[in-house]
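Next come two complexes built around subunit A: one with subunit B, the other with subunit C.
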Partner chain A sequence: MTTTIAIDKVGKTINRKEIIKDLSLTINEGEVLGLLGPNGAGKTTLIRMIVGLIDITEGQISVCGHDVENEHRDALGNIGAIVENPEMYPFFSGQKNLDYFARMHNGVSKEKIAELVDFVNLTDRINDKVKDYSLGMKQRLGIAQALMNDPKVLILDEPTNGLDPAGMQELRRHIRMLAKEKNVTVIVSSHLLSEIELMCDRIAIIKKGELIAVENVRDEAKQVYHFKVSEPEKAQVLLQEQFDIISQLLEDYLVVELPAELSDVSSLVKAFVNNGIAIYSVEPKNHSLEDRFLHLTAE
Partner chain B sequence: MNKSLVYLVRKSFINFFKKLIKKPLKALGMLLLVTYYFFIPFLTKGVITDLGLNTHAGFVLIASIGTLYLTMPLTLTYFKRKGVSFKKQDINFILASPTSPKQALIYALSKEVYINLAMQVMFLMAAVLVFTVPFLTSIIYLLVNIVFSNLLSYSLAVIMYASEEITLKQKQWIKRIVYVVLAMFTVFLMTMVVSQTLESGFDFAYIISVLSSPVVLMIPIFGWQLGWLNLIMLGPTPVRLIATGLFFASAIGLTFYAYRMKVSGEYYEDALSFSENIALLESKKGDISLTEAFGHKKKNYAYKGELKGLKSNVIFHKQFIERRRSKKYFLGWSDFIYLIAGIGLGLTSLFWDGFIVPDYFLEIMVGLSIYLAVFFRPSADWKSEFKNHYLFLMPDSPLNKLFNASLLEHLLTFVRAIFLVVPAGLLMRVSLLEILYAISLNVLLKAMMTYVSILIEAIIGAKIGHTFASIISMVVSVIIMIGPVVALFFTQTLSTFLIFTAISLYAILVLFLFLYLSSINLRNIESLEE
Partner chain C sequence: MINLIINEWQKVFSRKSNIIIMVFIVGIAALMSFMPLIFQNEQANETSTYSENWESDVSQEIDTLQEETEDLLNQDDTELTFNDSMTVSLNQTEIERLSYHLEAGIEPPASNNFYSSLVSASSMNALIGIFVTIIASAMVSKEFSMGTIKLLLIRTQSRTKILTSKYITTLLLAFFYYGLLYLSTAIFALFTTDMNPTSEYVFMTMNGTYEHVQFLSYFAGLVASNLVYLVIIASLAFMLSTLTRNTSLSLGATLGAIFLGTGVTQYLASQTDLAKYLITANWSLENYLPGRTTYIDGVSLPFSAIVNVVYVAVFLGLSYYAFNKQDVL
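After this line comes the complex of A and B, so read on.
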């Protein structure tokens, strides 16, 4: 798998405050990565560093083999991005805005622009002035603008802002298509965990400027069970000694994450019973992305 | 006043100084600015002395003109519910809280107290050191002004801004009457001055005598204030004593009226609208047009131009379209001032022998170009391009982006140079070559200063504070212009072509140096962030 974006020990300090600390991450070709984190975690700062909008204090970022700082133009030529709200010229029509951005890229055909307008469902309103657009329409126009130069890397900061459910679904479908059929690498930053779950292959969770987890979205290998037992502490020790499982004791039940090699929970039940630990209940839990996110970002 | 407002005023004052301590360069810039402000009277001392106005009467003349033509019209703006500074924070925390609307208004007015005090101290210094008014007289004048003038101006502000009894129509009539009276008085004054000048030559004494006449001193409120000024500076007369008495009485009476006046907060909507305008102007960080500064919205015209150009060049074409939308015929009224100036110079040369000599055409034009380049800031259109972060995502060099973002400015300079130079040159009957030299040098010198200003005021200024950066920019500009100025001294001994070439090459070198330095510092959005 080819690495498209390599983030190597990157740090960012602003006014003597460390916003990003020693962050390393690689993103592969054709992958859709979700960037998650609480407000103020550093997601937008990281995105801004990747596209070269702000300096990198420490470390290095390369996009398609080009260093973002030293080979900025070559790196930028491979990137399409929406960073914060798309900034369009309000007195220009949507068409003229796209034409303006197309000319900046030197060689985007009128047919390509028409195709993008159709994709973002703005054909009926494309000749209206942007100042008359709703937020959702401006967002869709921004997506069209980001895709204009057929980028190898697409970076979308909160792309579903202002989109209705149909719009979100359409965007999701297109992002998956870009990644799978055209091998475009996509980074999506969002607060909508349900959307990330449907759209992304992997998630990277940032908290207080540090990368705290990188996981596959659909990690079917892990199953979680809640055990209510008579002697939870004894059960915890048993799990660790016999199965090398570290469980969590929450109030009056044990949270146990089954490792991949254990196909079902029966062996744990048998071990508890054989060691004199009474079992009151065993409950399988779907550990959703939201659960994992809240668990990882909890103080 | 409400305890919380007193606390707010006290804390704001302390925090202002705490902020300055954290930003020593900004503090230094402010100190230089304040020092410059207090030195203004001394800067004009030479002119005042040459004109024979460095007397008590001269002080009365200038103060009277200021009162009638500045203070009075500015006070009338309170009727339109402008002139009182409400910020969004004030709306959020004060107007939305259980604070008396009158006290909230007085709080907003109190923000100007420091400026008013500084102005009164400046007048004191001017009176003593420039107009040779005795120190004791000046102190008495200052102290009485601090009490009565301030009482009068604040009570007028409260009455005019917040009165719910004076209808809109009545306010409009009051304003109209005041302006008509002022216009009639001005015509009368000008007629008197012109006729006296034609009869026996110009003398400021006519103007002083008119401004100190009972007609003026009996103008309600503002005239009575002048009565007090005339009394203390020029001595007592019955009219001056009556006017002074009326001044004190009106100050106390209006203060009492303002105190008793019912204010229920009808002005809140206008205050909210004003705060939104202030927020918008502040967000532009000083890069505003004159019309915006006066609170007028920009008018736009329909223009269906097509975008042209590729890569960064499209920025220039976009700006061209924007310009055609805001100025119907591309040029604005301010551009035609150059044409008027050019014609004026030509006619002066024709009809005023020896004042403007055609032999010095190039020196005059280059001198004017230097003055315009140094003292007139470039337009901020380039900056608005760089505020859009999508510009930084476009794959082109920062140098191309900056050059194309400022190209329209150079085009306008070229047009203005034609307006200034061609009529003057034709009327002075200079050669076509000299006209072309003058136009070229005007454009090059202005372009050079544009990039100097961009580097120092905008880029470096974002880091060290704009006030301080403006001062540095002025100093650097003057130093840079030494070269062209020195070159001009040789126009009578060396060929014009040589001088033109020398100045052009110098300007091009400096231009590209500052363009390059500016562009390498405009890599990303952090360059212009404060």
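After this line comes the complex of A and C, so read on.
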């Protein structure tokens, strides 16, 4: 595994206020890292330091082996990014915006731009002015812009803002595809775990400028299900007797943690049905990660 | 770099204010050219052009004017009417002008002539200055207010290069507006004025006497000093836009300097000698053209040139320092 981004004991002080404190983190090639934290935790500040928009008060950041401050151009040549909001020129069409940014790079062909437009599904609206775009369309245009220089590192700040569920799913697919097929390192930030959980390999939790935890999404995923059933008490007894599972009744949900020997939830469903318990819904929950996040970021 | 300038140019030309400015400039040029036709008095029509034997024409005209003046002055009535006294003084000036032409052997041009139309268009330079201010004061700050500055700076182009492309575009635009003013003035003037019969330009000096110069060299001096003024205005607004990142503030401050500069400088000059080091005391180089005069003491063309260069260098130095140094939040 090659390290693409190395953040080493980084600190940032603005107006004597420490926004980021002694933060170290390495991110590998082809990895999707989620930067998670409540608003004002310092996610965007960290991203701004990586792309060289603001000075690094302490420590170093290197991208593909190039120091962000001393080898600014080499480092930035490997990065494509959206910082904060996907702000494009509202008076230009989407196409004109992309042409504009293409002129800032060497050798971005017309075909390459058309390909990117197709990739983010904007072909129909690309000649409309950006001021008429929805936030989701701006996000997509922003992604096309960020991929223009075939970056090794893609940084997306709050990319799920303004996306509808379909857009979210599409974004997830794009990011997984870039990471798996093109070996792009991706950093996505969000203040909502649920929105980035499914696209990330690892999640770094930041609170008040400090890195408080890095969690592996896949390992951590214990299988927890929320059952909504007609007779919860009867179901609880049934689970204990038949499967030796201690379940919890939370409001009108039955919270069930699947033991390791059960590969999926189907046997439980079957048992309920056979015993005349009606099932209204079964919802998988990555409970432990969500709990941990809430717990870690709580005041 | 060329690509960056193309980008900046495209942005300016997609702004509505730029279209309005261009229409305004052409409109002003048209107005200045057609006004004399509408308000021209009969007398001016009479003296439009001269025959080949212009010297006798001119002496004849001087005689006629003199007779008319004497008739008016020798009237039996005790008081001259307002109109009559105006005619007397206008005739006096006209007689002096024509006599100078006779003396110097230069055929007088029509009263509404091509050269004077070009020269008077330069009085619109302050207006061009205002337009340049409008564009220059938004040049950097608008990127910040739109948030697009981040997309510019996260690419491999250095901040110095980005700022340079913006400054060059600002200057090109200032020259473009100025060129548009002159191009449209010249085109309209071809139809509305009479071409001058000689390449000499005769003008009245500050103390009321007449002198003449080669028109082209005079005009070149005028254009050069106008452009210097525009470069200074553009640099000032550009610096303010970069330092404050606030379009309205830069616009207001620069317009303030344009409108109040002369008055304030004159007042300060009456109080202290140091006023001559102000940029506002030096940015109008056309004051050094023949026949014109500066309004404060102790300045000269080389002095003003040096002061201007120093100021522009400081403006740019501060802009580049701030743009390279500041955090982009």
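Annotations
Convention: the second predicted complex is superposed on the first by the 231 of 299 C-alpha atoms of A that agree within 3 Å, B and C clash if a C-alpha of one lies under 4 Å from a C-alpha of the other, contacts with A are read in each partner's own complex, and residues count from 1 in each chain.
One rule holds for everything that comes next: a contact is a pair of C-beta atoms (placed from the backbone, for glycine too) under 8 Å apart; a residue touches a chain by one contact, two chains touch by 3 or more.
Just so we're clear, the structure is a prediction, and the values are computed from it rather than from any experiment.
Partners subunit B and subunit C, brought together by superposition on subunit A, clash.
Legend: residue contacts after superposition of the two complexes on their common chain; A:Pro90 is shown touching subunit C, with no touch to subunit B. Applying the stated contact rule after C-alpha superposition, one finds that A:Pro159 touches neither subunit B nor subunit C. When both complexes are overlaid on chain A, the residue A:His105 reaches subunit B and subunit C alike. The intersection of subunit A residues touching subunit B with those touching subunit C, taken from the two complexes, comprises 48, 51-55, 72-73, 76-77, 79, 81, 83-84, 87, 89, 91, 96, 100-101, 103-105, 145. Contact residues of subunit A toward subunit B in the complex are 48, 51-55, 72-73, 76-77, 79, 81, 83-84, 86-87, 89, 91, 96, 99-101, 103-106, 145. Considering their complex, residues 300, 307, 309-312, 314, 318, 322, 325, 388-390, 392-397, 523-526 of subunit B touch subunit A. Considering their complex, residues 14, 48, 51-55, 72-73, 76-77, 79, 81, 83-85, 87-92, 96, 100-101, 103-105, 145, 149 of subunit A touch subunit C. Considering their complex, residues 3-4, 6-7, 10-11, 14-15, 146-148, 150-158, 327-329 of subunit C touch subunit A.
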